[in-house]
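Chain naming follows the written order as A, B, C and D, and within any one chain the residues start at number 1.
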Amino acid sequence: MELRVENLTVARGGVPVLEGLDFTLSPGQVLILRGPNGSGKTTLLRTLAGLQPPLTGSVSADPEQITYGAHADGLKATLSVEENLRFWASVHGISDIAPAVDGFNLRGLLERPSANLSAGQKRRLGLARLLVTGRPIWLLDEPTVSLDVASVALFADAVRAHVAGGGSALIATHIDLGLQAETLDVGPFKADVNRRRGDTHRDAYADFDEAFS
Amino acid sequence: MSLWEFANPVKFMALSGKVLPWVIGLCAVTLVPGLIWGFFFTPEAAKFGNSVKIIYVHVPSAMMAINIWVMMLVTSLIWIVRRHHVSVRASKAAALIGVTMTVIALITGAIWGQPMWGTYWAWDPRLTSFLILFLFYLGYMALWAAIDNPDTAADLTSVLCIVGSVFAVLSRYAVNFWNQGLHQGATLSLDKEENIADVYFAPMLLCLTGFVLLFVALVLIRTRTELRLVRLHRLDVRERMKDA
Amino acid sequence: MIALLVRDLRLAMRAGGGFGLGLAFFLIVSTLVPFGVGPEAAILSRIAPGILWVGALLACLLSLDRIFQLDFEDGSLDLLATAPIPMEGIVAVKALAHWLVTGLPLTLAAPVLGTLMNLESPGHYWIFITLLIGTPALSMIGAFGAALTVGLKRGGLLLSLLVLPLYIPTLIFGAEAATRGTADLSASTPLLMMAGITAGSIALLPFAAAAALRVNLR
Amino acid sequence: MLELGKYSDAILSSWAITLVLLIALVLVTWRRSAQVKRELDAAEERAKRND
């Protein structure tokens, strides 16, 4: 399953932040998304995940093939690690959580309520969720936050195994994961907030700017 | 040339700027004589005595209160279906006018009710419906006020307006049913057909036209203000993004 | 979908709040009313169906903001939105979970609390039936209101302002049916109207609420 | 002066309240319109200078 992005413009609060994005994420490929804070990486990932509509352009991928790993892990503090994981597994119609548990070294924590986990352990559990979705395209937003070196290595291994199995991943991160990966710098795609009329690109508010310019 | 072109902000700003003086002028030449005629030159009615004069502020405001909500429903639907910015801004602009009309209708009704029925407030179906309509206006306006992002606010208030309209109609039926259930028979509301004779009709027509034109003038001004606010918000976001 | 329902029920049980608070509130309201209107049995038994309905409605209102707020804050709602469940299904399941932890216990408790208010004998039956049919509508309408206000910092008060007017028809028909039933009059018309509102809410409001949630997530 | 009879209180108060509310609505609308117009002009000016 290929993720192809054509002439994509993404917006935050109705204002374009990145525009003219063209890239393809093929099976077996890892793409690292780089760019300074506030450059629109999260907005891009949310748009690709189908959580918000693009301003222009197209994303050719079935949303059912994509899973999105956000800043927040979506964990319930009162549920145990196993309950959290089983919940997401059954939402995605998967019954075997063993690979996810072993992949992120959670075996010893299964009975623990998530409230008692450390920040890094929570993150590991949040990443383990990716494995129980059974989806080939991973979109990850700063997945290594609060992970220690050993856990980052676990994560890199998981990505490697995922890619080897025909999956793909688009990862926004600032650290070097030691993966075979290409890099996509969003810097050059920064939207020009000062564009006036006469440009080829028209967003939802172009009318407005015309009315007052 | 289709009607939808006026939903474009450029056209709207240009056109509304042109027609506004005319609307205001027409409003002045209907509303002022209508009110003066209604207040000074109408005879006593057999059933109501001089209190019939209240009708010239009560009935137009009550009609506008309902019609403005209907207009908001239509413009909200247009926004949901065709995403015309002017449409949803007009809806927002109309809400304050609608709530004012509702309040006028409620207060004048209560004041009139005292001499007529011996009480300021009765849980008559019509009065109760207006009270409920007032609550719906409040909710709609509060939701607008609570959301920062103009697009999000437009979407959510439109959904609320559509769902709210359905429940407002349901409430109307429920209230009718409920009141009949409690006190049988005697309805306290006015029978309009009966008491609008020709002497009262002409000034009433002027007042109704005047209220409609007043609403049109105000909603145009307020919509223009809302559109400017969107533009302002946009300039604001740009500036902040440039700093970032 | 069943997994989501099970999870929500489990969360409600563990965090408390769900069963407990709403019921306690209902009990307190039913206790306070006689203090306010006086202990005369005749008055109390006449207003009991209405008071129980208003009390149940307010108790239901208390926990509405939790329907989506917690999932919104911890990111679960984003993940659910990308999961293979339609958003309308999520809304419906969450409203059902809310009803199971709030509406159903209130319905079961109402006849007992009716005794505190000198409810006459067929009244226990009628208050139970009307609440059983009406509270699902309260949960569904409430879920719609919660979906509208989920992105707001202080949405709680606004939520009440939005939801209470929407509750009016359900309340009128529900309380009317209960009152008529208690007085041995025919209650089938208001009962049918209320059932219609419940059915309509369950059929249509998930779509409106899902639309509102999508807007709030983007 | 017009003789309003026994209903004069009701008539005068309801007309007074109506007129006050309508005039208030007009004033609020008008002042807000002028204020927003001013703010927008200032913002446009700023935006042009910053370009």
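By our rule, contacts are C-beta pairs under 8 Å (C-beta built on N, C-alpha and C of every residue); 3 or more make two chains touch, one makes a residue touch a chain.
Worth saying up front: this structure is predicted, and the values here are computed from it rather than measured.
Take away chain C in thought and the touching chains that remain still make one piece. Looking at which of A-B and B-C shares more C-beta pairs in contact, the answer is the pair B-C.
Ranking all chains by how far their C-alpha centres lie from the centre of chain D, first place goes to A. Remark: chain A and chain B have CA centroids separated by 47 Å (rounded to whole angstrom).
Centre-to-centre separation of chain B and chain C, using mean CA positions: 31 Å. The centroid of the Cα atoms in chain C and the matching centroid in chain D are 41 Å apart.
Chain A and chain D have centres, each the mean of its CA atoms, that are 51 Å apart. The set of chain D residues that touch two or more partner chains comprises 40, 44. Contact of a single residue of chain A with at least two other chains is seen at positions 194, 212. Looking at chain B, residues 228, 231, 238, 242 sit in touch with two or more other chains. Those residues of chain B that touch chain D in the complex are listed here as 39-40, 44, 49-51, 53-54, 57-58, 61, 96-97, 100, 103-104, 107-108, 111-112, 114-115, 214, 218, 221-222, 224-225, 228-229, 231-232, 235-236, 238-239, 242. Those residues of chain D lying in contact with chain B across their complex are 2, 4-8, 10-11, 13-15, 17-18, 21-22, 25-26, 28-30, 32-33, 36-37, 39-40, 43-44, 46-47, 50.
Every residue of chain B that touches chain A in the complex is listed here, in rising order: 8-10, 12-13, 83, 85, 149-151, 227-228, 230-231, 234, 237-238, 241-242, 244. Touching chain A in their complex are the following residues of chain C: 2-4, 7, 10-11, 14-15, 71, 73-76, 78-85, 217-218.
Listing the residues of chain A that touch chain B in their complex gives 13-15, 17, 38, 193-194, 204-205, 207-212.
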